[in-house]
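Given below, in the form of structure tokens, are the structures.
Below are two complexes that have subunit A in common, paired first with subunit B and then with subunit C.
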Partner chain A sequence: MQYGISRIFNISYGAMMTVSACVCYYVDVDLHTNLWVGIVSAGIAGSVLAVASERLLFAPFQRRRAGLFTLVMVALALDAFTQNGVIAVAGPGYFSFGLPPQQVYHVLGTVWTSLELITVAIAVVAMLFVHILLTQTKLGKAMRATAADPDLAGSTGINVRRTRTIAWAISGVLCGLGGAVLTISTASFSFFVGDHFVFVLFAAAVVGGIGLPYGAMLGALIIGLTTEEVSIFIPSLQYVVAFAILILVLLIRPSGILRAGGRQRNDVMAS
Partner chain B sequence: MRIRPSAKGVTLSVSHPNRKSKAVVGGILALSSLTTMAEVIPASGAQQPHSSKVGITAAVFSSFTGPNAPFGPGSLAGCISAASEINASGGVLGHKITCQPVDDKSDPADAVTQTTKMLTSISNLSLVLGPPGNSAPTTSPIISASHVPMFSSTGTPLMDTNKDPYFYRIVPSDSVTGIAMAYWAYNHGCKTAAAVFDTNSSAATVVPALKTEYLKLGGKLVQNFLVVADAPSYRSVAAQFAGSHVQCVFTETDPQTAATFWSEVLQINRKLPPIFGDQADLFGPYYHAVLPVTGNAFHFTALSQSAPVASIGLTEYVKYLKSASSQVSNPEQYSSVSPAIANADAVIVAALAMVDANSTSGSVYRKDVIAVTGVPGKGRTVVHDFAQGLAALRAHKKIVYVGIGGEMVFNKYNNSAAVFSALRLNLKTGSTVNLGSVPINVLP
Partner chain C sequence: MSAAWQFYVITLAVYFGINLIAGWSLHLQYGVTGIQNFAFIIFQSIGAYVAGVTTIGSNARAFGETIIFGANFPWPVSLLLAGIAGAVLAAFVGTFALRPMSKDFQAIVMIMVSVIATSIVESQGGLFNGSQGIAGVPKPFGGFLGLGIVQYGWFFVGLTSVFCALTFFVIHRITSSPYGRTLRAIRENPTSAASLAVPVRKETMIVFIVGGAIAAVSGALLVEFIGAWSPSAWGIYETFLFLVALTIGGIGNSAGATLGIAVVLTGILDGVNYLPTFGTGTLSAALQLMGVGVLIVVCLWFRPQGILPERRRIIGASSESLIASESDSAAHRWGSKVSPAAVRPSTAEETFDSEPRKSEISPISGVIRPRPNEGLPIREALILNGVTKRFDGLQAIDDVTLTVREGTAVGLIGPNGAGKSTLINLIAGLEHPDSGSIVYGGHDISRLAPHRIASLGLVRTFQLSSEFQRLTVIENLLVASRTQRGNTMGQALLGKRRWRTEESENIERARALLHRFELSRLTDDYAGELSGGQKRLLEIARALMANPHCLVLDEPLAGVAPGLREEVEGHLVALRDEGMTLLMCEHDLGTVERCTDTVVVMDLGHVLAVGTMNEIRQNEEVIDAYLVS
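Moving on, here comes the complex of A and B:
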């Protein structure tokens, strides 16, 4: 969504996830509050970081008409800056939420823990939220219009800058929630957790069709399920296979699964 | 701008030259010349303090960030404790010794860059506690060329037949560790086992020896899992592991991988079999990451060299650990951690070798490392700390240092061969309890 609207390939989401996870840990463990308060705080932290990076860093570069490659390098620099900044402040180390053993549920021959069910629920709610936002609200229409043609959207009275900022804020919230949920499910995390995950994250986005919210959802399901299935047979190759799928999909459909050949982004987003 | 060959060699010409561009090119050339000079000077200059009583430096070349970050602080704590003890006795030949961390960022590629940087930027570098992990074969020749002795904690079998006179390995080879793990587990009732290693660990070097030894003893290795480090989930592998019903597990993973994997196994099984690891798993960050998610279910025993031996050396080591508090968080946690102890012993051995050789120059004192270590015997005075060693050397006695972790015996490849101890992790304090040793005749 953020890429579709602002056309910035922001690969600093890994660092944002890490910062959000740290905020969640700090609020939950150090401040002794509820885990849900920690998760919400992570979402807010992700949003603040995303908006700040857009307003203070990416927007000035875009005003100078920086190219895609320049913006990717800026995002890389932001990632390194954020990552190392956190390590410099907090020091290297590992953090555990120390959650008690979870309730186990057996569903159709599969085993689920309460934490996994909560994770799935958060993901479903987030997906529904994005779907309703894009299809049922005035803001969603403005976002789709901005993604299709920012100049035309501006000429029809849409506040393009505000719309972009909101898109970044929503992406930040989702990124923050993702960071919190990821580190809660890994039980323990270091300051590199986001960077380790970001390649899988982008593989999913590209497989589905970059810039397409539903493509990202589909790509995440494909990559996630495949890596887990592969790990049953050859655990050390789980990500190798994930990226092999990425290459295969791009060979057949260079723009991703959900992006039809020759159609423009606005067509797909509007569909 | 073009680069073209000419009769005088390669010349650099600038299209449409003007004063500004000439200045820029000149600046670049000057800067590159300075950089080249900076990189060359330390290789030719041994930079050891011979006459003036300036301090000498021990570089703690380890991982302070990245997946292997747990190793660095422990090594630094060991170095600082030993340096404080040495300085309290007046230093080495009057030189105060300091410890400086050098971070390889858990990356062999970064390790090469950091090696060059270490050699160019640290003045009076007299010894290196490193190089770490898999970078030893590539970085040790660079350090050796600067005539600086190394005391490395790498386990890579590539250094099993090391011929570099400046390189000393103070921990056992991974292949020996695998044999010790298999022997101890089998002889303590574990007849069926699984192995869980991650792609960042020394799986490639520990597991083959472990597997061979365990099968030779009559054990059955039911599953051998090599998992990707720091994955968001190991659910499928954890389910497979839980279904294997083994009596024990052999493992080495980074803290995050361990926490995620064992917590997922616990979700399925509610209990864990006894776990056997090596000294890499004894660092504080490992159990700080794992214990909160496994609690009392985590029964961990590490097969490790350099288990603390009750002596005045251990007392001094623990006493001076506190002095590391400004650089290492909670240094007391390393009071019984083998890798920290091995590094502390290495600093004291190097210091005694310098005193024995009457020089802090690496090219001179490196030969005396063997002279002050080994097996106690007739005509050699056993010393347990730096002060005792210094007094004996001043009295013109031959010494053998039996330090915090016991004897340090180097073979002809400068590899340390010593007894492996089984250390059980105390879940509440993080300290270890020595359960016993693997007989020395079992090990190659």
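Moving on, here comes the complex of A and C:
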């Protein structure tokens, strides 16, 4: 979503997840509050981080029309900075939520823990929220317009800067929630928790189509489900399969992945 | 100097040397050729791994490691195998990661390749010993020389320097040759390079493979020095650090790459990490990386071109043309910033009257190849037969049949969306028709790649400026002399003597062309700094440098300032009068009338009418199409 709307591929997403997870941990365990309070504060932390990095770092570079290489480098720098910042402040190591044993539910013949149910619920609510936001609201329309053509969107009276910032804020919340839920569901985490999820996000974006929020969701589902299925049977092949999917998509539908970009090019040619 | 300090110096020197080898290979890939290789480190990693497992022998079993195989080859073999492994991996990754795609997308794919590759290695305990990696790799000549640890260290410094010198030699020969210029052209604009017959994918792949092999050798040296390998030490951040070093030093400049590696990798990171009394604390490592993060952002903001920017290669205009241009106007001395419309003395009368013009610039020997079929009966140069192209729901080109005769100029007109540009893209091979055939000079070109079509002598120009911005004006022209010696990796490595003579002949030809198009005084300016009109002239001159038989011009007057339009037009008329086969798409009907013999009118993807401009004016269908749209 961040990429789709502001054309910045934010590699530091993983680090943001880590930070949010830390906040969640701190609020929940160190401050002895409710787990929900922790999750909510993780969402807030994620959004604050996202907006700060967009406003202070990416937007200025974009206003200069910096190349994408520059933006990727900035994102990597931000990632290195954030991740190492966390390590410098908190020290390396593993953390564990001392969660009570969970109640087990049986749904349609499968076994779920309450935590897994909460995770799925949060994911569904988030997807529904994004869907309604993009299709039903004026803000969503503005976001899609900004994604398609920022200059044109600006000239039709859309406040591109504000739209982008809001998009980053929302995706920051989602990112923070994701980080918190992820670490809670795995019960413990180290500071590199975000790293391995970054590639799932990439894959989601590439397979599903860059710049298309639905594409990203679809891609995440495909990649997530296939790799999980594979990991049940042959755990060591999980990443090999992810890699194979990536290569296949690139070889078979290199233009399909770039649907948004490809359409633009055709328009230029037709004119 | 105590042993600890000696060893500190040795470690720094070896690391510096190895980083230089790796950094120069990345410089060749990214700085020169523009491949955004964010997966760079996996090539160094595979080299290290292969060198490890081919020398480790029985040590592997002693350490309880599971690896692919534990051979005990003598030293140079392991290095060679590492290089081959790097090349093979690069060839594999290149098949999907170097496919034509937008540049940002390439960066993302490379990052994914890197992250996934690390994950695969870590999860495959049975093959790579998982995340533990391998340890106990023996040192080359370790037992054989019988040196003490410090002396052996100095020996290794010498060994590294030899490889360093070798790599520098290779990189220097490539970057200073015509081949290096071709690579820089690919970096600046792959589409334009392909339109000048440069096989972009092949050359990119070669650079990717050679760079991968060099990186792998550097990895092999590293593993032999430290004796251990672990996948996590070769993560995406190592690539990031190399790119930071290159960016801060200066992208595209070998000296810049060297400086960046010295400052960032050796100075800030290794220099601190290996201090004998300091050690690598987690906190200091974290602070260092935070510092590097801040440094690169500051650098990208305040000095994106780096400390030592890529230097401009000065070739110089011919003395003759400089004297000629001096009489042009005194304003030239103010440099290229002066508006060309104000500088150019050319007037409407001069350019409109094609007769004196023709005699004035008539064949400068060697500028345009003598036509091979002079005096022969007129033949068809380009035949389109029933060409059709659909984009999603849009019928862009619908059953177009047209012929361009050898030595004639054909204009292509029609309202916006008529399919003119698409047709040109189909002819030039940027798109391929769904059905129908395009025959040029007896070859069916409808399925050929752009560079193949260009090498047959059909050269196109682009509607949007497509100059190689960070190449000088004359270098832009020289890229088009594809067939010259020294334009392949092999010949570049053989050295300057192989290509010097032919290069200077081409420089003379390029100077003559620049003189003809009145661009002589801009010879050594970066093409990106020219005005819109000058860029168009440059592009036409560049196309002519490729010795075309047929020139396809896509709106040659788009973006040209009104004062300069007539000058560009004059050059086009002159080209036609010299007998160049032209196909030209243009909006300005007056220009089309003056520059072409026959006009083809297109609307909604098909041909409405063909004839002279006067005949077209009478055609009611054409008038309707223009008025309606």
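What we mean here is this: the second predicted complex is superposed on the first by the 253 of 271 C-alpha atoms of A that agree within 3 Å, B and C clash if a C-alpha of one lies under 4 Å from a C-alpha of the other, contacts with A are read in each partner's own complex, and residues count from 1 in each chain.
Basically, a residue touches a chain if its C-beta (ideal position, glycine included) is under 8 Å from a C-beta of that chain, and two chains touch if they have at least 3 such contacts.
Not measured: the values here are computed from a predicted model.
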Clash or fit (per the criteria above) of subunit B with subunit C on subunit A: clash
Which holds for A:57: it touches subunit B only (first), subunit C only (second), both, or neither? second
If we overlay the two complexes on their shared chain A, which of subunit B and subunit C does A:78 touch? Say first, second, both or neither. second
Have a look at where A:145 lands relative to subunit B and subunit C in the superposition and call it first, second, both or neither. neither
Is A:70 contacted by the first partner subunit B, the second partner subunit C, both or neither? second
Can you tell me whether subunit B or subunit C touches more residues on subunit A? C
After the superposition on A, what does A:87 contact: first (subunit B), second (subunit C), both or neither? both
Segment of subunit C intruding into subunit B (one of 40-48, 76-84, 238-246 or 274-282): 274-282
Intersection of subunit A residues contacting subunit B with those contacting subunit C? 87, 91-92, 196, 235-236, 238-239
Flag every residue of subunit A that touches subunit B in the complex, lowest number first. 87, 91-99, 101-102, 104, 111, 113, 182, 185-193, 196-197, 200, 227-229, 231-232, 235-236, 238-239
For subunit B, which residues are in contact with subunit A within the complex? 64-67, 69-70, 72, 199, 225-228, 230-237, 239-240, 255-256, 258-260, 263-264, 266-268, 270, 285, 288-293, 329
Under the definition above, what is the set of subunit C residues touching subunit A in their complex? 36, 38, 95-97, 99-105, 107-109, 111-113, 115-117, 119-120, 123-126, 236-237, 240, 243-244, 247, 282-283, 285-287, 289-290, 292-294, 296-297, 300-301, 304, 391-392, 394, 396, 416-417, 419, 421-422, 425, 431
Residue ranges of subunit A in contact with subunit C within the complex: 7, 9, 11, 57, 60-61, 66-74, 76-81, 84-85, 87-88, 91-92, 195-196, 198-199, 202-203, 205-206, 210, 235-236, 238-240, 242-243, 246-247, 250-251, 254, 257-258, 261, 263, 266, 269-271
